[in-house]
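Right, I'll just put the structure down here and ask away after.
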Amino acid sequence: MPAGELWQTESSEADSEQWLWAQIKAEARRDAESEPALASYLYSTILSHSSLERSLSFHLGNKLCSSTLLSTLLYDLFLNTFSSDSSLRAAAVADLRAAHERDPACVSFSHCLLNYKGFLACQAHRVAHKLWIQSRRPLALALHSRIADVFAVDIHPAARIGKGVLFDHATGVVVGETAVIGNNVSILHHVTLGGTGKAGGDRHPKIGDGVLIGAGATILGNVKIGEGAKIGAGSVVLIDVPARTTAVGNPARLVGGKEKPSKHEDVPGESMDHTSFLSEWSDYII
Amino acid sequence: MPAGELWQTESSEADSEQWLWAQIKAEARRDAESEPALASYLYSTILSHSSLERSLSFHLGNKLCSSTLLSTLLYDLFLNTFSSDSSLRAAAVADLRAAHERDPACVSFSHCLLNYKGFLACQAHRVAHKLWIQSRRPLALALHSRIADVFAVDIHPAARIGKGVLFDHATGVVVGETAVIGNNVSILHHVTLGGTGKAGGDRHPKIGDGVLIGAGATILGNVKIGEGAKIGAGSVVLIDVPARTTAVGNPARLVGGKEKPSKHEDVPGESMDHTSFLSEWSDYII
Amino acid sequence: MPAGELWQTESSEADSEQWLWAQIKAEARRDAESEPALASYLYSTILSHSSLERSLSFHLGNKLCSSTLLSTLLYDLFLNTFSSDSSLRAAAVADLRAAHERDPACVSFSHCLLNYKGFLACQAHRVAHKLWIQSRRPLALALHSRIADVFAVDIHPAARIGKGVLFDHATGVVVGETAVIGNNVSILHHVTLGGTGKAGGDRHPKIGDGVLIGAGATILGNVKIGEGAKIGAGSVVLIDVPARTTAVGNPARLVGGKEKPSKHEDVPGESMDHTSFLSEWSDYII
Amino acid sequence: MPAGELWQTESSEADSEQWLWAQIKAEARRDAESEPALASYLYSTILSHSSLERSLSFHLGNKLCSSTLLSTLLYDLFLNTFSSDSSLRAAAVADLRAAHERDPACVSFSHCLLNYKGFLACQAHRVAHKLWIQSRRPLALALHSRIADVFAVDIHPAARIGKGVLFDHATGVVVGETAVIGNNVSILHHVTLGGTGKAGGDRHPKIGDGVLIGAGATILGNVKIGEGAKIGAGSVVLIDVPARTTAVGNPARLVGGKEKPSKHEDVPGESMDHTSFLSEWSDYII
Amino acid sequence: MPAGELWQTESSEADSEQWLWAQIKAEARRDAESEPALASYLYSTILSHSSLERSLSFHLGNKLCSSTLLSTLLYDLFLNTFSSDSSLRAAAVADLRAAHERDPACVSFSHCLLNYKGFLACQAHRVAHKLWIQSRRPLALALHSRIADVFAVDIHPAARIGKGVLFDHATGVVVGETAVIGNNVSILHHVTLGGTGKAGGDRHPKIGDGVLIGAGATILGNVKIGEGAKIGAGSVVLIDVPARTTAVGNPARLVGGKEKPSKHEDVPGESMDHTSFLSEWSDYII
Amino acid sequence: MPAGELWQTESSEADSEQWLWAQIKAEARRDAESEPALASYLYSTILSHSSLERSLSFHLGNKLCSSTLLSTLLYDLFLNTFSSDSSLRAAAVADLRAAHERDPACVSFSHCLLNYKGFLACQAHRVAHKLWIQSRRPLALALHSRIADVFAVDIHPAARIGKGVLFDHATGVVVGETAVIGNNVSILHHVTLGGTGKAGGDRHPKIGDGVLIGAGATILGNVKIGEGAKIGAGSVVLIDVPARTTAVGNPARLVGGKEKPSKHEDVPGESMDHTSFLSEWSDYII
């Protein structure tokens, strides 16, 4: 990712999208040349398209279609939505960059675009969410269902998700109806942002900017996870977590204690540091 | 759900099924009118069918088919089974109502019928279970495999499941061969009812009526979870849990203590109260 | 499995493969005769093929194909790889036997070959891994993505996996890039062998021979799980676990204490004993 | 076909259908045993079914489906129609026998059932025709369109067709809206029974019992082809043809002359004698 | 077609297209209401679309796709072409009207749009032709191949075709590279406009406006069929045919004789009178 | 085709196949570069393959598959057959050259390989024929049926076909069980080589080397069409036709008269001269 600086000098979102799309095409061209067995796949998904939004719409349409929801219908739906809403395209660009920067296993932008179920589920969710707020709820829910079947990622179409979000591995993620996820958040697989019962209303977690949520964490109820907080893997969180603190365990407690929890300086959603609190924690629990 | 009272006055199961099917058709008709892009889907899955069993068989056949297990074969299998066994139809009706009543995100019966992977996996399981007890085991296991692939819900065809069961979100649920689940149980995603080793025999949990099992709970071995008990999210349960008590934690302990656990009055499988024990628990663990 | 002794007298891997293939065909023939509705499936997947490698390649090609990665392309890729590398075939044979011996729900070798998503995901991973070490990384990653979508099993193609490995139920398993899994290991569903942040390098767990990892366990970082160790269900492991010891809890601690952990004699990856440590554990935690 | 006599001793249509279905299953079983590569196909199309109507409905549903007309919908439609109308089943039986007796290339009943596009198109037409006379015209026309696309056989759903009809090779056959075809007729490929302009009304040929129409013959207008008449290959017929006479040429003339045409004794629709009139004709034209 | 006068008062092509599209939607809505089994098909192909070009592109994309040419790719290609070239849309409108007026079996515009393989093949050809003249020949030829496979209609992408053309039944039509077809022509099935050998250059027939070509007629070489001429069914034409004359027979001769052929007054391509020359012809040939 | 001379200097069949395959890859590479929308198709069908036999097997497998005859099964069958029989590969090479040389609309070898239904049907027939003579008749007939459905080309698997054969346009061709076609024959669309009744035995035409059969010609019975003979379009031939003579008309007569038919010098199957006999014929018939 040494080219990272390059695009940061770009001024506008459109330029950034152009730059990223050019990178993706260059990567795909290089891969198609080195691997003829994959070239057909790379041409159909990336190289035959004139823009990121067309490539993404094509890929999502073919991934999410079923015998009763045809790929052409979904392609049309995705293309119309991405074409008419630049904020969705900007969010996709930010998510691609997030994966590229934060996940050491992400070897290229095109790899993320084609293969990351978390990325794809999130982009499809953004379209479902747009349908939801346009009161096209049955269609939003049908799309939601396809995302849950195909990617095993279950994000309610009403949930609000920021930009620069990384769903790493993503299998088993569940995000409820009134959940809110801020910008630059990183969420590992099997994470639940769940509700608290059969009553409706605002009942799901609110995740602040820059939060990191470890694999298998379960956060339940209308709790607030403050900016830059960190939730340990496998934690069960039923309480508010202040900004820049760490919650771990089942049930989760704040590292450093409820009264004066330890504060960290980095942005864990970006640094992806899952385990540095190990020593703190060990100290705490013993 | 203001119409809820209506059907409770119906006397027979068949009437109840009729009433529900009429609701579903009305919902689908309304949605098809308001959303032309979804109308084709709604007609093929619901509006072109003359009964709930035909609609469900069609939908499951198309969801679960593969290139080596054709949709027509599965449709035939589902339709023959649902047509000839009214108890399976009654269970489907009860499950639809359970989702409608307990899940605030369930906006309509048709939404559940079409889109809830937990509901669909459970109905397909009921057919696989029937095949299993008819000693058509290879077919039951092939169906089991398709359900596990398509919905990421892995219920052994020998497992026995009651009526009015809600598998909410459902991704990652695993239910072992000798497990038993009672009536009016609610089970969240990532729940495991697992075995204890490589020995055969009766080795999986028995879940009483009205139990609520929170997201990510793991219950292992031939333990008994009593009627109306509640298992906290993320718990690892290796012990019997008495009726109307709550078990939480990893390893799970009874709230209120082993000797005199606290008893609650409601039926948590119906009330879906995941978090009211929070204060009790916090008290307990600190 | 009374015939188990038979094959143990066979000298070579090829003989073992022959013997197993003959068993599989006999099982499939018996099932096809008893269940005409399944016969077409059994003929296309097993009975029309002349070898295990052809059957497996056909089945994986049809399971993992998509509209942009055709079954014929995948079939070709699998068949060429399995045909040219006898170690992959031997590993498949060892994995089939492992499932048959360790999982009491495994009624036959053919049941595992056709229906076990863990087995199928693992065999497809072995091919992806071979592509990876041949520097055919884009193709390896595309295959990885298909395995993650279809089976909800996410094993990075660079991860190294031994023989005789059982991924039981398998949904939600995540294995990171630098993870290593030894021989005769058993891993339940929802298990994570994860990394520790955004830095590259050797950052995932190393699992010794004969280890058993319970459902939902999360092991993070470049830690060493010694030979024959046992990780309790739902544990969150951030520490090395010595050979033949047991780690449980969130965060995981060694049963018997850090200083003098209890040692067991059996090979838990083979005995699959998930729960005998229950009494030890209960003692420990109270 | 030495077994031919056997069934002629059967009294009822149902017995005849039973007998034929038993033959077909025996043939398919024999073929499946001798050719494993085809066994999957034979099981899915024939051997897994309990009756001719189920096998035929399954096969037609899978042949005629498209991405917008699903196989399950068509299967349902065919099965309901064949199940409820024994005359359609009797016609299918008579057509199978006709092919078996008249076409020396027809090696078995199952060969005809599976592979003869003329047979399959005709059975699907019978269903479309039934829909037509029930005033379900849009569905009849959609089915008509699929038959024309898949088999290149274009029979208007209003056309009336008798029993024991053989469409040999069948590609390119066109039969217009008001055409009528009697019993025991044999029609080769590329035959047109066409209209005469843009006016509606009764405008297509009426083909008597036992007629033989050679390849590429074009019969236009509301003309009457008498019982047992023979139409030479490539003829263009715009005139009535008396019973048991032969018309040949472009434009077609009666062999033997308009005033006293030669009469033959056999039933050419059954004897399939395309060319014995060669000498007559040669005499006539020179 | 009593509403026919209505649209003739419309001034522009766009108005005409609007009017026709409104008719088609009204027809489809009526049919969907009367036939639930077809409603899904009608919604996906017509009622979910906002314009004729979208409906047609969707339908052609789904009809012509294959496992190696995806529906989404074709849909995109058709939609882009129809959207950017109003003359193609006007030609489609004229062809729909031609079928509606000239073919008494055409019960509605929507019937033609959905089910007439001649209509669909012709519209797809217009797109292939546009690609051809843009020098995108490999793509034009791939499309040509799909049309020939799916509809058995083989029109070289370089062939030039006018508006208001009816390919009735259409199976087996072959139109060569340098053929030209005028406006308001009607061509029955099995018609060949073929070349004369292996030399390139201008070698196929030129068909004037208003010509009618009967079923199975073969016209070979760079001959000129004059305006309003009529070619009898089954004719083999190797000569120029003057305007408003009729050629019949194999080899074709002019009715009335080479020197003073009979002239007719109507436009046979529109009147569709295939057989009125019967008496003339009979007189001529006897 | 200026490179034509090049390969004629190659000595062996294998060299010829190598040369042709290199040409095809070069053509496809050029087309993929100029037309990104087609690149995916070209990579999957040609550029990802290492030999002509693999490309052809892949393409035929995908073209001829159905929901009950999977592409992987057919691919395997084609690949095994083409790999093990060099004469089939040599025939394919000769057929590709024949199309390239004789058909002015054939712009490249790759165009023929991908898009010519006559070429593809013929190669698939060669495999079906091989199965037939190996007594694998049910499989041969199933393949025959798929070819007839997909390409509308109906060649009985027992028919014997030489090398360097061009089926131009091909739709509607019917070739009977005991027909024989020599080398370097050219056959246009709608041609029938048919039988003469319901008796078995040797009953279909024998076509000598270098014969040209015009569009829509019907040749019936065990007649002999001598080397280098020419059959006019639309002819109905019931007689032997001597070498290097021309038969035309319905019924066909020899040009020049039965006693002393005109002889031509060229090889019409190669020169493709359909119409030079026009003047002769006109003279003859007037």
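Per-chain numbering from 1; labels A, B, C, D, E and F assigned in written order.
FYI, contacts are C-beta pairs under 8 Å (C-beta built on N, C-alpha and C of every residue); 3 or more make two chains touch, one makes a residue touch a chain.
Composition by chain, UniProt nomenclature: A, B, C, D, E, F = serine O-acetyltransferase.
Nothing here was measured: the structure is a model prediction, and the numbers come from that model.
Both chain D and chain F are touched by A, B, C, E.
Taking the definition of touch as given, a chain qualifies here only if it contacts chain B and chain E alike; those chains are A, C, D, F. In the contact between chain A and chain F, the residue numbers used by both copies make up over half of all numbers at that interface.
The pair from B-E, C-E or A-B that reproduces the interface of D-F, where over half of the contact pairs by residue number are the same, turns out to be A-B. When the CA atoms of chain C are superposed on chain E, the rotation angle comes to 180 degrees, reported as a multiple of 5. Between chain E and chain F, the centres computed from C-alpha atoms are 28 Å apart.
Per-chain CA centroids place chain C at a distance of 55 Å from chain D. The geometric centre of chain A is 59 Å away from that of chain D, both derived from CA atoms. For chain F, residues that reach two or more other chains under the stated contact definition are 37, 40-41, 44, 48, 62, 67-68, 70-71, 73, 152, 171-172, 190, 216, 234-235, 250.
In the complex of the two chains, the chain C residues touching chain A come out as 66-69, 73, 77, 136-139, 141-142, 144-145, 148-149, 152, 154, 156, 171-172, 174, 176-177, 190, 192, 194-201, 203, 216, 218, 220-221, 234-236, 238-239, 250-251. Of all residues in chain B, those touching chain D in their complex are 40, 44, 48, 54, 58, 61-62, 68, 70-73, 75-76. Here chain E touches chain D in the complex through residues 31, 34-35, 37-38, 40-42, 44-45, 59, 62-63, 65, 71, 101-105, 107, 111, 114-117, 150-152, 169, 171-172, 188-190, 214-216, 232-235, 248-250, 270-276, 278, 281-282, 285, going by the rule given at the top. Contact residues of chain E toward chain B in the complex are 32, 36-37, 39-41, 43-44, 47-48. Here chain F touches chain B in the complex through residues 67-68, 70, going by the rule given at the top.
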